[in-house]
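When the chains are written out, they are named A, B and C in that same order, and each has its own residue count from 1.
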């Protein structure tokens, strides 16, 4: 009896393993993969795509451990992560599925319209603490950040903070949606979010990467023509060996239908 | 001050405090019900989320939660009932039993996040279950174990000793007494404990974060090694992540309402059960 | 022969069942031991980890006067302008293309060696496997282990800071206690007031209605409390208090107070109702008013039960995860005010465990936090048991 149950379990597992795939990782990519999976499963009734969050770091380490088929990531795979995959005699494939621009947002009634990269660095590393230091009103700056594992956190750190660490005791929100929510409620707040998350309740700042020469507003158009500086690719990673299993879903994401979803979700299509 | 006046003042304050506690409860429940009722419909309960989880229903999450409830009870009930039988019927009243009681008590005081941590280390990683219903059920099962043990113990203790001595006098073994006399007599109370556990399991988020919960998985699980969506985790993700939190709000209120109704219904059912039993006894 | 076999079988079954019962009897003990074992086993690895991120080393020029660096000094060098020049692998990739570094980065150590030789003030943070060996100009700084003192006495929690993560548990520990303390201070008057009302003043009908209602309050899932806190309490506090941030320790304390109320009320109410009738009647017969009876006779008589209620309430507050994660802002700072965000231990575990690669120092640090939380709750359970006289368990029957 027990053996029978066990065998059935294994049987069920094998059957599901053929069509089921897990996508895990970045919370930024989450809404996108969720929608892609939703539509994909509608057109491919036999397929099952599980989407889980946790952060880019989680996704990639799950890929290394073999507990996910696709790792969704909002940052490039790190050098040592690649080494770990290599240590297991595997190779990893990288697919760019869309682009995302990071918008720096403040409360809608904040008079500040634009900031330079250096000013942003000062704010998020804790050197600038009052809005009047950057041309605003006399109000304490309250920077909101993401949790430490998120790719958004790392990309912002790399691109804007030039790899310096965030200030100690920064407010960290479990997900980007929560940052939008908090910034929209908090007068002195500043936060960074994916363009897809931008709505009317928060105001996006224009950003300059040339020390105040030109300021560009975050938008799909500006990101596409390369004038907006804080743009990053969004990735799917998979182990080369499992190419056959994951390729249909990835092909769907890269197809015009899939890229239409990218656009709908507020990301930048390829 | 006159002692009558001071009594009046003190009692007035207590009355206000007592009623305000109930007021808080009514306020929170009322708020969720008020906003949630509009969102809940037959369609909401029976379809999968769509449009980036801002529309559609929560069917997979309901099914997932039910799977976890069934799985964790399968683990907790046999273990808990047998453990209670041991402590009340076999162990006597020595030092061992005191230790066991203290341990049971302590186990119920351990925060649920610790169970999550432990479940991830043992079931997910060490035993290799991965993120799965199995790992989640084991974790939740251990979490509700003290509830099952306590209610069963209470039930067994409430049975008059005459039942035991009578059965033993008729030549039945201790095991037969337990199996044929005590368990049937305690059965309704054990059910009460079971229902209470259902309420607890259905509402916990922290233990399933790292052991089973999926962000989006509209397909229903096919084996115990699948991940599932679950109501409390679903509520957590739709209020904190997603590109459009405002659009997802109605779904969030609806989910909260379904969750509360499920949990409170279970608790009410348990207290109703208990009342009937008390009436029977009286 | 046959009856004998049957008897044998039966006896075997009985022994088997009894063995099973005995085994199950120890299940809670076993679970606790397993929890301790796993938490401490995973957690203790932290103190065998190096302070610098796993798999990486710090290299300097051989002539450099630097002997060893503490995590705080490393952070200083890499985050602020100092006389030293921080150097990461990314800087090398900026200067050389993938081709120039050779197949499998075989030429990488060489290039790195050149960089270090060129600049004596350089502090390079590179994967250990690419450290140039055999170069007289390059010296690898000795790595030291993460110390107990740095962990328990550290005031900065930056688990993903590079090159050296900072695992200072103090802000999280104090944050947890801070939020719980104020939760109890808020819940106490409310809870005890409601208890007195429930056990002494309310009519039987009212009591029968209210008691289950309050017990229901305990059944509401914590994520629902968190949701309520996030959409109602946080904006409300921010607007009425004119606070710069709504996600504060205060919001956490208020939500926790509401969550601890049912525990406090049910336990304290039982204690007060268990006061012997003779005591009350004697007091009333002596001419005392009901109020005098309550606070001179009933309170002192049930003080142990009430204290146990308080302690259990604290226990509930300390371990609460989801609601706190959603409303306190999660900033890892030393708590100094109720109106600032804080980060608690359970919230930290819930927020970070998913992202910490299994087996790494961060993962181990989170298990260490679990150990601390476990010990705190164990302490609280034991305290409740001792305070409530003999065994709290026997008296309450829960």
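As a convention for this text, a contact is a pair of C-beta atoms (placed from the backbone, for glycine too) under 8 Å apart; a residue touches a chain by one contact, two chains touch by 3 or more.
Fair warning: this is a prediction, and the values are worked out from it, not measured in the lab.
S.K.: Specify the chain with the shortest distance from its C-alpha centroid to the centroid of every protein C-alpha atom present.
M.R.: Central chain is C.
S.K.: Could you pull out the chain whose C-alpha mean position is farthest off from that of chain B?
M.R.: The chain lying farthest from chain B is A.
S.K.: Report the inter-chain centroid distance for chain B and chain C in whole angstrom, where each centroid is the mean of the CA atoms.
M.R.: So the centroids are 22 Å from each other.
S.K.: Using Cα averages as centroids, what's the distance between chain A and chain B in whole Å?
M.R.: 35
S.K.: What's the distance between the Cα centroids of chain A and chain C, rounded to whole Å?
M.R.: 27
S.K.: Which chain A residues touch at least two other chains?
M.R.: 53, 173-174, 181
S.K.: So which bits of chain C are touching at least two other chains?
M.R.: Residues 230, 326, 354, 358 of chain C touch two or more partner chains.
S.K.: Would you mind listing the residues of chain B that make contact with two or more other chains?
M.R.: Each of 239-240 in chain B touches at least two other chains.
S.K.: Quick check on the complex: what are the chain B residues that touch chain A?
M.R.: Answer in residue numbers: 49-53, 130-131, 213-219, 222-227, 237, 239-246.
S.K.: State the interface residues of chain A toward chain B in the complex, per the touch definition above.
M.R.: By the definition above, chain A touches chain B via 9, 12-13, 15-16, 22, 27, 30-31, 34-35, 37-38, 41, 48, 50-53, 67, 173-178, 180-181, 194, 196-197, 199, 201, 265-266.
S.K.: Spell out the residues on chain C that touch chain B in their complex, using ranges where they run on.
M.R.: Within the complex, chain C contacts chain B at residues 13-14, 17-18, 20-29, 31-32, 34-35, 38-39, 42, 189-194, 196-198, 200-202, 210, 212-217, 219-228, 230-232, 258, 261, 265, 289-292, 294-295, 312, 315, 318-322, 326, 346, 349-350, 353-354, 358, 366-367, 370, 373-374, 377-378, 380-382, 384-385, 391-394, 397-398.
S.K.: Can you list the residues on chain C that touch chain A in the complex?
M.R.: 55-56, 75, 78-80, 88-90, 127, 129, 156, 158-162, 171, 230, 234-235, 238, 244-247, 325-326, 329-333, 341, 343, 351-352, 354-358
S.K.: Tell me, which parts of chain A touch chain C in their complex?
M.R.: The contact residues of chain A facing chain C are 53-55, 57-58, 61, 65, 79-80, 83, 125, 139-140, 142, 147-150, 153, 158, 163-166, 168-174, 181-182, 185-189.
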